[in-house]
Structure formats: C-alpha cells, structure tokens
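Here chain A shows up in two complexes: once beside chain B, once beside chain C.
And now, the complex of A and B:
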C-alpha cells in the first residue's frame, strides 16, 4: 500500500512540476504556451540516449532544446495568441512524429532508460528527488513574485497590450530567461520520469497529454501555493481515490477532466474568480464607507 | 508514387471534407479557431450509434435526429459560450474555451463508453465495388465521401459568392456591427451558420465513424489537421481548404507508403501549419517595412 502511494506521489509530483514550469510562461509571462511536454520529452530521450552511450544523440538533444527555446521565445511577441498556442501544439506534433519515426530513438517502442545508479520503480529516492524539484519550481515562482525580476516579468506580460513597456525593460531577454527556467524544470522532470519508469516512448509527446496539462495550468494562476495544491490534487486524485476506495482510476480520470474543463469553460470569459473578488472588495469598501 | 497510393490518400481525405467545410465556415464566421465544431459532430455520431444500435431506430432517422441535435448543440454553445468572444474579437479566449469543450466532450464520451471503440453495424452502408485500376475495394461510404468532396465545396463556394445568403454571411463575418447597422439579421445568420456547421459535422463524424469506428479521441488529430489547413489557406475559402485537405491526404498516403517514414505522415499537417505561420509572419513583417 505504502509503495503504491509512494508511486502515485512520484508520478503526480513530476506531472505537477510540468504544471509549475508551464505556469511560469503561461500565467506569469502571459505567453499562450502549451508544449511544456516537449521539453520533458527531450529531457527523457536525452537521458535515455546518454545511458545508452550515444553522446551524439545527447548533443543533438541539447541543440534541439536551444533551437526550440529560441524559436518559441522569438515568435512569442510576434504571433497572435491563438496562433501561437496552435504553433506550440504543432511543434509537439512534429516532435511526436519524429520520435515515432526515428530508428535511433527506438521508433514507436522507444528506448530503455534504466539507470544502475537509481534503479527504476524504486519510489523512495525518486520521491525525494521529485519533492525537491517540485519545491524548487514553486520557489522559482515565489522568488519571481517577490523580486525585481518578477516586476519586470509582469511588465513584460503587459508589453503585448502596451507597447511602451518595451522601452522600459528588455522583453525578449526576460521572455528567454523565463523559457529557460521553465524548460530546465521540465527537462529535469522528464529525466526523473524516464529513469523512474525505465523506458521512454513517444506517447509522452502526445498533444492530448499537453492539453490535459494545460487544464490545471490555466486554473492554477501564478500563486505558488495555488499551483502546488491544485496541480498535485489534479494528478493524484484519480489514483489515490482508486487505491483508497476501489473505484476505477480511468473513470475517475475522465471525471476529473470533465470537472476541470468545465471549470476552464466557466473561468475563461474574464476570470470569474477575479471578478467575484473585485465585487466582494467593492461591497466591503461600500460597507466600511457607511 | 502509384495510382493506388494516390487513390487511397484521396479516399481517406474525402472523409474529412464535411468536417473541414464546417470548420472553415465556423472559423470564417467567428474569426477564431473553432476546435469544438468537429466535436459537436462526434456527439452526433455517438447519439446516432445509441439510437440505431441500441434502440433499433432506422439508420436514416438516426442520422437526421443526430444532425438536428448536433445543430442545436452548436447553436446553443455558440450563443452561450462564444457569442461574447466573437462580438468583442477575442480569438484566444474563444480558443481556450474551445479546447476545454473538446476535453469535456472527449472525457464525457470516454467515461460513458469506458474508452472503448464502438462499431456501427446497422448504420453501415452495404455494398462495395472492386476497382482494378486502383487495386482497392470502394464501399458505399467511400463513394458517399467522394461524392460529398466533389459536390460540397463547389456548391458552397457558389452559395457564398453568388447568392444573397452568401453575401449576408460574408458581411456578418467581415464586420458584425456594420452588418447590424445595415439591417442584416445578424442573430438569424449566426443561427443558420452554426446549424449548418453542426449538422454537417454530425454527417462528417458519422461517415468518419463508419470508416474508422467510433472512439472518443477519433477526431483529435483530424481536427488539428483541419485547423492547420484553415490557418495556412484561410478560413474564407472553403474550396481551398477542401483542396488542401485532399492534397495533405495524398501526401500522407505517399509518406505512409515508405516504411521508414510512415509514422512521420501524421506530422505533415503540423509542418504545414508551422510553415504557414512563419510565412504569414514574414509577409506581414515585409508589408509593415514597406509601409514605413
């Protein structure tokens, strides 16, 4: 039982790291980015290639990461938001097809990524590593929220609407830095996941997976506490509920996706929660005035 | 590149023509990417399955009821969820909602069917013909898909370019406020356009289900492919979108015929999308430079 719960903790925490990394770009920087799994996939394949002794593959993964990062951060201010979101998903589709067709990456079967240093399916060391990585990603959010860089990030977020923001801060450089931080977290999560499962396959680059990760990212906002709680609950709920109460985990995952997508449908029009909060503040101000 | 490969690609792509026309009409009307429109058809396809396979309703009635209910769903969803975004010109917010709707419908159908694929038995059209020249057997559904590809796009192009209804639709799609000021019945045109898109999606999804069986995720990849072509060729030209879908179908079939590149076939649409976006950006940048 404890082993199963530890396994759930590791996988949910690693998925939650992806949410935290994506929230850095999507919510803090305001760039409609939905392909964080591209970086975790690259990280996973890179570690599998490194464990297999293919250093050329590792260098190619580093080059691919650099090109993808540069492309995403360069195109972010230039394309309309909806087109950019579609572009990120399209890049994911191309990576999926490449991973599935390249013989050097094992095709549809993938590659073995078991390490002798950290044996796969041993939850304890991976749980510690996952907790550390997740804490680091939340710490990054907290630091960005409280630092001068965070102020620059919020100005960069507004630069799409207010062009004068560009004369105060280096928007392109800030965008690139945020992308690098997010990609590093995602790649580390990918490395841990690959070594934990002992195998890497193209399925983690599926667009469907990216869209499932997009749901909690949109709902989580940029507060570290909210990201921490919501993302872990999102990923741990079906398996935990299934283990504790014996309900089918797949059905619970469907119910979870229905509930969260309904939440997103309700929240999109102008952020219902923010609107409610403003209304409450206005009412409280009116009451104190009288 | 053999005739068999081209014919196979064309037949496979012909099944996507109704969905792509519905998508391009909705995209042109709302000025956003309506990823949810094919999913109204998916709902219709499951509804038709429930009626014909479990309740014994005749296939034609099941098809008609599914088309009507999909149209109703499209109208209600557009009115309740997307009208505000369309009026305010918010394509990103509309896209996010569209993505959430697709996730919701996929999850709901997956939950209802435990994620298993379903196969039409009563609704499947009987009859097939072997065509020696292409080395393939054409089923009645294949012929229907080919006929729809031949008829639908030109008919729609004529309707949009040469009739009053087409002119009214284009006016509303171009500038809603101005169209309203000129006395065009905007709400009525919205309703008609969405009803058309919803029912056409249902027919398209049912045809697609006849060929590849029903599953909750069956329209995920085709929807992205259609979105890619709409972005690349422009939603205002359904006939171009249809031609693009057929061309991509041929390209995919050719890629699939080579064993080492077969899995890369699914990426052709995405590569096209990336190239189209970058080219559009380059063109707009050049225009801006010329202006300055």
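And now, the complex of A and C:
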C-alpha cells in the first residue's frame, strides 16, 4: 500500500510540476500554449538516449529543445491565438510521430518496455525530488508575482501585440525567458519520470495528455497557492481515493471527473459571494451618502 | 556600449542619415537627415497619417526602417541601429500618446514601468522599487497633477488628461534621463492648466540637456520655442481621398430638425468612480440636441459618462430615463445599437479594414448618416487596415463606427482629440450635421470650448457637497 501511495505521490507531483510550468506561459504570459508535455517528453527521451549511450541522440534532443523553444517564443506575437494553440498541439503530434517511428527509440511505440531503460526505482528519493521540483516551481511563481520581472511579464502579457510595449520592456526576451523556465521545469519532470518508472511512454506526447494538464492550468491562474491545491486535488486525490477505498481503474477515471467537476462548481459560488459582497458595500456607501 | 554613452554630458550628437520608411505603396518619409544635439527641441509636423508617429518609432528602434543609419557620437562614434533594447530604453525614450498595456496596473506599478526604471530581469521586490520611484517622483507629481491620487487605483481609472501628465512626469523627471525623448501628442486631452504645466515640464527637461522630438497638432505647443521642424507631407495611397478637397455636403431640407423628444434624462444622479463621484441634479439630452459636459482634467467627466455604461470600477445611483423609459444604465441601449459610446481609447477592430470595421459596427443597420460615413471612409481609404491608421485617423474612424449603428444617443469623449486642424473641422462639421438631422441626441465630453453651437453646456464644479454637474449655458 505504501509503495502504491508513494507511486501516486511521485506521479502526481510530476504532473503538478507540468501544471506549474504551463501556468507560467499560459496564465502569467497569456500565450495560448498547451504543449508543455512536449518538453517533458523530450526530457524523458533524452534520459533514455543518454542511458543508452547515444550521445548524438542527446545532442539532437538539446537541439530540438532549443529550436522548439525559440519557435514557440518567436511565433507568439505573430500568430492569432487560435492558430498558435493549434500549432502547439501540432508540434505535439510531430514529436509523437518522431518518437514513435525512430528505430533507435524502440520502433513503432517507442521505449515502452519496462526493461528497456532501467528497473523501476525506489519511490522515496523520487518523491522527495518531485516535491522539491514542485516547490521550486511554486516558488518561481511566487517570486515572479512579487518581483520586478513579474511586473515586466505583466506588461508583456497585456500588450504583447502592441508596439509601444517594447518602449517599456524587452518583450521578446521576457517571453523567451518565461518559456525557458517553463521548459526547464517540464524537462526535469520528464527526466525524473523516465528514471523513476524505468521506461519512456510516448503516450505523454499525446494531445489527450496535454488536455489533462491544460484543465487544472486554466483553473489555477498564476497564484502559487491555487496551483498547488488544484494540482494536488486534481492528480493525487482521486488516485488516493481509489486506492484507499478499493475502486477499480475504470471507476478511477470517473472519480477524477467527479472531483474536477465538484471543484469547478465549488469555485462558482466564490465569485457570486464576492459580487454580492461588493454590491452590499456599494449599497451601504450609497445610503450613507444620501 | 553603455560605458561610452554619457547622457549627462552635453557634447553628444545624434545623427540620422537617409532614413526611409514606407508601407506598401505609401511612402512616409524618404532620405530623412537630421542632427540632434543636447537641449534641442524639434517639432514633427504633418497632417494625420503622414507618418509622424512612425518616424519616432523608427528612431526609437521600435520599428525597423527600410533604410538609414542612426549614429551616436560622443568622442567615439557608435552605430545605434538596430539598437539593443536595454540601451534604447535608457537613452532614447518614446512616450506614446497613452501608456497602452499599463491600464490595468495600479498607479505605483505603472509609474515604475513608465520611468524606465523597471529592471525587467530582476527578482527584487516590485513593491519596494515602486515605492522608491514614487518617493523620487512625488514632488514632480504634485506639481504636475495637484489632484489626490490613490496608488491602488488602476491607471485606466484616471482620466486621459491625468494619464498623460503622469506618463510625462514619469518619463522625463526621474533619472536616469534619456538623451532624447520622443513624445507623441503631449498636449492632447489636456486642459489649459495642464498644457501650461506640461510646457513647463518640457522646458525643464530641455534645460537639463535632454533633446526633444515632439509631434503635436495643438498650436499651444509653439510656446516651446523649437529649434527645428520636420514637415512630413501626406502622400495618400492608391485610395482616393476627395473628402479633404470637397466642400461639406449641404444639409437637405428634409433633414431639418423634427419635433424634439427627450432621449436621455438624468435626475439626482450620482455617478463616476467610487472615490470620484459626480452629482448631477438634472440633465436632459433632446433628439437633435448637442449637450456638452465640460470640466478640467481629473474633474470626473469621463468617469461620470463611463458610469452610465457601468464600466468596471464605476457606480451609478439615481434616476435615469432613456427614451422616456426608466433604465438602470445605458448598457441595454448599447446592446441594441440605440446608444453608441466613443471612448478616448478608441477600441476599434485592428485586424479589419476601414470598410469592414464600419460595416461590422453598423451591425446591419441602415444609417441616414450614410453620406457622412462614406465621406470618412473615402478619406481614410476603405481598404486600409485599422492598425495602420494614425491616431487622428482612428478618431475619424471611431466617429464613423459610432454613426454606423444609427444610434438614438451618441456619447463622444473628446471626439476631435489627436486630429489636425482639417480633420478637427471635419469631425465637428459631421457632429453638427448629425444634430441637424434631428433624430440623434449627442452628448459630448470636452475640456475646451467647441466650435459649433450647443443646446446646453454643463460644467463640473467643486462645491460643498462634492463635485456637481451644473448647467452654465
């Protein structure tokens, strides 16, 4: 049981890292980016190649990361938002096809066999590493929220397409830096996941996985507290619930959806209450005025 | 590079050689040569759309020129184009008409950005940096904007005039000073008092050795005693623009005022941003009537009108009637094209052409003002993209879009701001014609007197119980 729970902790934390990384680009910078799993995938495959002694492959992974990063960053102010979102999903498709078809990476389905890479590892050190990485991601959000860099990010978000924004801050470089931070977090998460599980799963490059990461990212905004709570609730709670109360895998998916829907519904009254509170304040102000 | 550039010394020269810029077949400027020395003030002149803003953006390094070089010489010669973003931000500063992109920020953060003191790659506390800049800027701010300011209020909640003054104070009065400040329409949206203060501020900046490149239509700017002028002629593209040369269309007899009807009535209304409410005992705008709300900058004119549409952060209390029926606000009328509000920020459709944007704004309605709309459309060029229009062109387009919905009530916030003398005449002429048709009521916000007769003029006055909108004519 402990092993299972530790396993859930590691995978949930690593997924939560992807949420935090994606929130940096999507919520803080306002770029409709949905392909953070591309970088975790590249990180995972890079580990597989390095352990296999393919240093040329590793160099290729580094080059691919640089090109993808530069491309995403460069195209952000040039493309309409819907096309940019489609492009991010298309890049995932290309990476999935590349990983799946490259003979050196395991043929049609990539390195899917558990024995291909390493035997599965003990969860505890990885749980600690995952918690550390997630904490660092949240810390990055907290720092950005309060720092001068965060203010520059905010200017870049509000006026990325506006030429005069560049008279205040270097918009392109700020965009690139945010992408680099997000990609670094995602790649580290990918490396940890591959090393921990002992295999590289091409499914993490599928669009449906990207959508699973996208949902809590959209709900969380850029507040570190909300990212932390939502990620844990979204990824860890349903799995733990299923394990502790003996639900099977099919039920697990439903429980995840239920938890997610409950969370969304729970967020709605928050807004309603805030609006009511403001209205009451205004009415009271009006009464004292007349 | 940064070590060689010494903006405090008064011996540098900025040479611009053979600068060219054009968009498709529209040549904005060609082989422009210019030499700028410390303390020089140069005025860029030309009609709307002649490329004044583009020239400043090119010199600031924000737009790539087609050809040309910018050299900075301070003992040693440096080529500044293309310029590194950090160096550009520190030594050459472009001050836009409005600090776009900062409107949602609280005032202290926006000031930090506008001073050029924001270290974009620093993890130091933005709160502390903003407080430091504010402490340095406090005396200047008190001089240029004597009204009280709340640091938590978003910049957008300040009037356009206040935003302009804040942006200028932040850009020019906090070290490190730029060697060259390029200022787009520094007097647009300012009242007489604001103009005087801004001119004084610009003179001071010049005395400090800062060179100024200023684009401004208002004649009051000549009080600055310029060292030189750059005149950019308007070279229209392939679209004909006969409106400028055509006399105004005469008002048809059938369009004489009809029996008037009250379109908007306000009774005991208090409206505006919560900490800047304006009380209005009574205000009526009749069909075919033109009512003007006057007042100095920061008196709450824009806030009052925005509250009628319930903009974020505004409040409205009291009795409001639209076309004889009680209403909570004007949003419903706006949704049904009965009311059109043209704000000073000109929220247009940048990715559409002029023609498309007017069609979209018309929402399928046939306006009896089609002739006036077509006149503006021809003047701007129907196939031109909105994002390529100058600020004066946007003012005209905004008016055309507002007219296109055939509204019963037209609310215009400084409709002629940013326009040159010719377009200013055109704007007011069209507003006069709208009134004479007699179907539409017009409510205008202006801080200056207007060149056409108004049915009523209201002014915001400071009284014992607060700000009150009082009828003066």
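Note that in this section the second predicted complex is superposed on the first by the 237 of 290 C-alpha atoms of A that agree within 3 Å, B and C clash if a C-alpha of one lies under 4 Å from a C-alpha of the other, contacts with A are read in each partner's own complex, and residues count from 1 in each chain.
Assume a residue touches a chain if its C-beta (ideal position, glycine included) is under 8 Å from a C-beta of that chain, and two chains touch if they have at least 3 such contacts.
All figures in this text were calculated on a predicted structure; none of them were measured in a lab.
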| item | value |
| --- | --- |
| Touching partner for A:56 - first (chain B), second (chain C), both, neither | neither |
| Chain B versus chain C as contact partner of A:143, first or second or both or neither | second |
| First (chain B), second (chain C), both or neither touched by A:166 | second |
| Partner chain(s) touched by A:151 [first = chain B, second = chain C, both, neither] | second |
| Dominant contact partner of chain A by residue count, chain C or chain B | B |
| Which of chain B and chain C A:97 touches, first, second, both or neither | first |
| First (chain B), second (chain C), both or neither touched by A:177 | second |
| Shared chain A surface residues [contacts with chain B and with chain C] | none |
| Residue numbers on chain C that touch chain A, as the complex places them | 57, 60, 62-63, 85-86, 89, 93-96, 99-105, 109, 112-114, 116, 118-127, 129, 270, 274, 277, 315, 317 |
| Chain B contact footprint on chain A (complex, rising order) | 32, 75, 78-83, 85-87, 89-91, 93-94, 96-98, 100-101, 103, 107-108, 207-208, 211-212, 214-215, 218, 250-251, 254-255, 257-258, 260-262, 264-265, 268-269 |
| Sites on chain B touched by chain A in the complex | 32-33, 81, 84-85, 91-97, 99-104, 106-108, 110-111, 114-115, 217, 220-221, 224, 227-228, 231, 260-267, 269-271, 273-274, 277-278, 281, 285 |
| Residue ranges of chain A in contact with chain C within the complex | 143, 146-152, 154-155, 158-159, 162-170, 173-174, 177, 282, 285-286, 289-290 |
